[in-house]
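A, B, C, D, E and F label the chains in the order they appear, each numbered from 1.
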Amino acid sequence: MGMNNLGIVRRNIVRADRAAVEKLAGFGVATIHEAMGRVGLLRPYMRPIYSGAHLCGTAVTVLLQPGDNWMLHVAAEQLRDGDVVVAACTTDNDDGFFGDLLATSFRARGARGLVIDGGVRDVRDLTAMQFPVFSKAISARGTVKATLGSVNIPVVCAGAPVNPGDVVIADDDGVVVVPAAVAQQVADAAEAREANETGKRKQLAAGVLGLDMYKMREPLAKAGLKYID
Amino acid sequence: MGMNNLGIVRRNIVRADRAAVEKLAGFGVATIHEAMGRVGLLRPYMRPIYSGAHLCGTAVTVLLQPGDNWMLHVAAEQLRDGDVVVAACTTDNDDGFFGDLLATSFRARGARGLVIDGGVRDVRDLTAMQFPVFSKAISARGTVKATLGSVNIPVVCAGAPVNPGDVVIADDDGVVVVPAAVAQQVADAAEAREANETGKRKQLAAGVLGLDMYKMREPLAKAGLKYID
Amino acid sequence: MGMNNLGIVRRNIVRADRAAVEKLAGFGVATIHEAMGRVGLLRPYMRPIYSGAHLCGTAVTVLLQPGDNWMLHVAAEQLRDGDVVVAACTTDNDDGFFGDLLATSFRARGARGLVIDGGVRDVRDLTAMQFPVFSKAISARGTVKATLGSVNIPVVCAGAPVNPGDVVIADDDGVVVVPAAVAQQVADAAEAREANETGKRKQLAAGVLGLDMYKMREPLAKAGLKYID
Amino acid sequence: MGMNNLGIVRRNIVRADRAAVEKLAGFGVATIHEAMGRVGLLRPYMRPIYSGAHLCGTAVTVLLQPGDNWMLHVAAEQLRDGDVVVAACTTDNDDGFFGDLLATSFRARGARGLVIDGGVRDVRDLTAMQFPVFSKAISARGTVKATLGSVNIPVVCAGAPVNPGDVVIADDDGVVVVPAAVAQQVADAAEAREANETGKRKQLAAGVLGLDMYKMREPLAKAGLKYID
Amino acid sequence: MGMNNLGIVRRNIVRADRAAVEKLAGFGVATIHEAMGRVGLLRPYMRPIYSGAHLCGTAVTVLLQPGDNWMLHVAAEQLRDGDVVVAACTTDNDDGFFGDLLATSFRARGARGLVIDGGVRDVRDLTAMQFPVFSKAISARGTVKATLGSVNIPVVCAGAPVNPGDVVIADDDGVVVVPAAVAQQVADAAEAREANETGKRKQLAAGVLGLDMYKMREPLAKAGLKYID
Amino acid sequence: MGMNNLGIVRRNIVRADRAAVEKLAGFGVATIHEAMGRVGLLRPYMRPIYSGAHLCGTAVTVLLQPGDNWMLHVAAEQLRDGDVVVAACTTDNDDGFFGDLLATSFRARGARGLVIDGGVRDVRDLTAMQFPVFSKAISARGTVKATLGSVNIPVVCAGAPVNPGDVVIADDDGVVVVPAAVAQQVADAAEAREANETGKRKQLAAGVLGLDMYKMREPLAKAGLKYID
């Protein structure tokens, strides 16, 4: 093995279990992040390009060079039904790496969406297609095809490590990555957490205070909280 | 009194006059800010989490610690019908301090919305509830309950000083704070300003120039403006 | 001529050919930017104030001073049907230079919209009017009328040089400027490009890979790309 | 009283006790901030314009308008020996409000330095003069004298509330504000804290672990910390 | 002429008059900016890579592509004694386009320094060489040589238009561009301004107030300034 | 294994070979980054707290919670001679996690410095100690000791993945991470690269153009570069 992973396309990757992915698709990003013990989130600057965009699938990872989208074309061939493309860049770059042509190609190959630490364009078309994209920026600026990156190597995308085959879930609250090996475990924990929240919601709606429901009064007093008039 | 206000909950606060608050609810943030003489705005990075969100109410203030939402639970108990929670933080922090459970609790206690110099989550649920929130960020990241802040002390939220009981108004243009003592006066000034604008709007729509309507030609010439062909 | 262009209003400007402007209105910003050879874009922080806003017209340029919107009133008089106001500022400033009264005036004079490297307010009214605005910020903060800038001089707006009479096109993907002298040439190139894309889109939708359609396999191999299992 | 404090100069302000100010001058910003219970800091974007700059004095506050330094000239007259000018702005603005001429004037009137939530220029001259300045930006851009702000009203500077007469201390670590009423109390607490640190420093230098010195092992274990090999 | 200037190197440019350039070298950036009527500044994020760096020379302009420094090598051949390289980029990019090898080459060709709206590296070596650089960032990240930009075309660098042959002056306060055609005029105005400031500095040092020296009391009163006790 | 690595301290880590680390210490960050094939850099916002700071050592990694430096105390016990502490945070946070007391402790345990994606304080003392720190921010704000993170787990620090035992090198150009397994290989490649650069530097200093030395004229012509007069 060399000193770096540049110029490589890995064809065979181990995708998370399909049933676990489908179960995870039923939960929100906040719930999954909590169910994992508060890890796995991408930085909050990653935003949906249209209101209501959401996705869940297995990661095909891409490492891009600035102003260069060559590797997205390479990635298209590696897609299978149910995948999500997760694109990182070797440096900060907001150019428009992706638009409606690539979205058409990705969708034809089975992709469920794109998560990209960079810019995208053709937002109106992507919205009309309802092709979900979570990105750092929107920019009409075009890119070249000149320098190699990689496909299906481990990447860091918006601060989070992502391995090929991991589950990626994104909604209005952000983007979370679940390692393939714990997908089922996290899905189960998310289910338990959500069940637990339903009861709490009812109590709170009825006017019960979190102070009482979570039994916070004693620890608050111990911490020294003072009530004054 | 000590050197700081940390670890304190003030129970009795003087809220702005109800009638003044209701009158202020009828005006936009830009109008109120102008009516006050161009003061009272929070920094423009405070944005609604859904299009069309707006609120008006009396401030219950909260000082949070980074990554810690304990004080929001404490604040819930202090809420009365017509209040808005205004949450500042001791440092810059974008974590998701607030979500749909707390919104359910706040609403059950009478709150009209939240203004928070930090992050929130469960945006889809909050939108479905039509619970208006103005925040610095959206983030799924959870918070702990470990360190004391305060409730109902004077705070600085997004650059603006806010005292408990002040009127807070927020809409698509941002967030403005009206000190309780001048709420009626500001509401009256806003009314006068708006009446004045209606006439101007008609003239401008008819093609009259602001240059003439505001009598700007002479001061522009005095300032040295030159027209060339 | 003096050392600078401050305090000047140029009345006679050469606007781009009307037919070319109308043709350009039929294409998106990304297409036009590509058709020009990837130049002419404003920085991507320029965003529409409402979803779906778009505009195309000839530039009436304005140079503003921070916190001062005097020159926008001066610009209103220079507008003709089909113009777009392009406002730069002598420094970074997010104040609300523009609102519904000025929009009413601009529209009455024939303006098709506003591009401003600064803030605007009255977003709800502007949306109701469907008056398209692309700005750096939204802010309720009011401005004064005290210091001269200029109208219809060459400006740099959000990083792009703009001359009076240039064509300005803006949509969800951003804002692009087409020099008046090449407007027809760019419109023709955009048309050719779009025709070309239709065929590509069909192929990609049918599952053809960009790798094959664009004949990338050989240059990728030459660049050293390695496939591993 | 009106709705706002614009256009006002307060001549008589109550400055913090001179002896307390002098004692505070002997401590660093981090120590004083801790001694106050972790409050009073300005946002960390406030930086010294030259390495080693530091200051301590009583605040003469200024509220500036964007791109306008008129009020700094007004403030000069209100200065007494031992004062520090603390300048806030009604909006975000990085222009060069202050340079060597104003520094010469301020020094002649007894000022010990400047804290400004904006830009300054003539950095080389200010460094040669050893006139300490803590600012948000350095910018050569000049300002006008056209719009009123205020002098010696309560302001929010870089996120912190500052009242005229408060003690302001700044060094390489940032800027802290001590309310005049608690200046002596804070100075005493800072002294106690510093004495306490000396002993700790010796132990740590000798290789004693903070884990033992602060008795953290038990609470860490209770919190669930696990050691693995 | 085509629609854009990409892929072009202009060999013959008209440089500003040598005597005017030498005279401008004697003044600071703030003085020159004021002498021009407050125009010509680059955005204040452009900073020297070492304390005390300063430069003055005639611009050889470069338009770079993101992550690509090919055009800097092309520019080296166009340098003459007394030139300064002014490098813009087609998009925001902080990569390390420039280091000590290029500095060695530029200096051997007569360059007086570099102004670059991007990143540089080898800061220690550049400091040891006392090769002045003003940049947006410092970054060790290397760049490729794959995509054409241009040399000696008009560019927008950090918000300011720069033409080949213009005079560029940079110091601790920032970077200013003087069009070649007005170089002598600006140099003379700077001289007059500086002479004027010497007298003012003496008065201010003697305790005279700017309020009196600039006769501000009357306009302040007219504007409505109120003194209270 | 659980779903996450929170609340864990790994005691036995495999550090990079000592000889390789010492060899790497002889090269700059830019050289090492190039020798690795342009990977391994932390984002360029990581800056030295004093001019000339540099470090090289084996990573003891820390994952911090926002506003909480408990884990730095835990990390101290895991340090060996030649280590560098590399601290990531679960979210963006600029608080002052580290100061002169912890530096005293770290140095007593053999640490060569700190790389932290957060804030530090006591900058003057750290400079006097010549304890090298590379951080995102400087802030006097204190932190609590309440919530668990981890020590010696894989982390992402300022965008780069770091494993315990990796080599970390930092200087004026930034921070680079070399995986322990390739430390010797990278050191050798850096040596070769530096030898190669010496010859180039001489040629460039003699006025040879990079265009000729790197044989760029033909590829530039092929890419379509045009020289005009």
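Here, a contact is a pair of C-beta atoms (placed from the backbone, for glycine too) under 8 Å apart; a residue touches a chain by one contact, two chains touch by 3 or more.
For clarity, every value in this text was computed on a predicted model and none was experimentally measured.
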item: Labels of chains that are neighbours to chain B and to chain C; value: A, D
item: Copies chain D and chain E touch via same or different residues, half shared test; value: different
item: Whole-Å gap separating chain C and chain D, where each centre is the average of the chain's CA atoms; value: 42
item: CA centroid of chain C to CA centroid of chain F, Å; value: 41
item: Centre-to-centre distance between chain F and chain A (centres being mean Cα positions), rounded to whole Å; value: 27
item: Chain centre separation (chain A, chain B; CA means) in Å; value: 32
item: Where chain C touches two or more other chains, by residue; value: 38, 51, 90, 92, 94, 139, 141, 147
item: Chain-level touch network, classified as line, ring, star, complete or other; value: other
item: Touching chain combinations (by label order); value: A-B, A-C, A-E, A-F, B-C, B-D, B-F, C-D, C-E, D-E, D-F, E-F
item: Chain F to chain E touching residues, read off their complex; value: 28-30, 33-34, 38, 41, 44, 47, 51-52, 171-174, 176, 197, 200-201, 204-211, 214, 216, 219-220, 223-229
item: Complex contacts: residues of chain E adjacent to chain F; value: 7-12, 51, 70, 73-74, 76-77, 94, 96, 99-102, 104-105, 107-109, 119, 121-124, 127, 137-142, 145, 147-148
item: Chain B residues within the chain D interface of the complex; value: 2-6, 35-40, 43, 90, 92, 154, 156, 159-161, 182, 185-186, 189
item: Contacting residues of chain E [partner chain A, same complex]; value: 65-68, 90-95, 139, 141, 144, 146-147
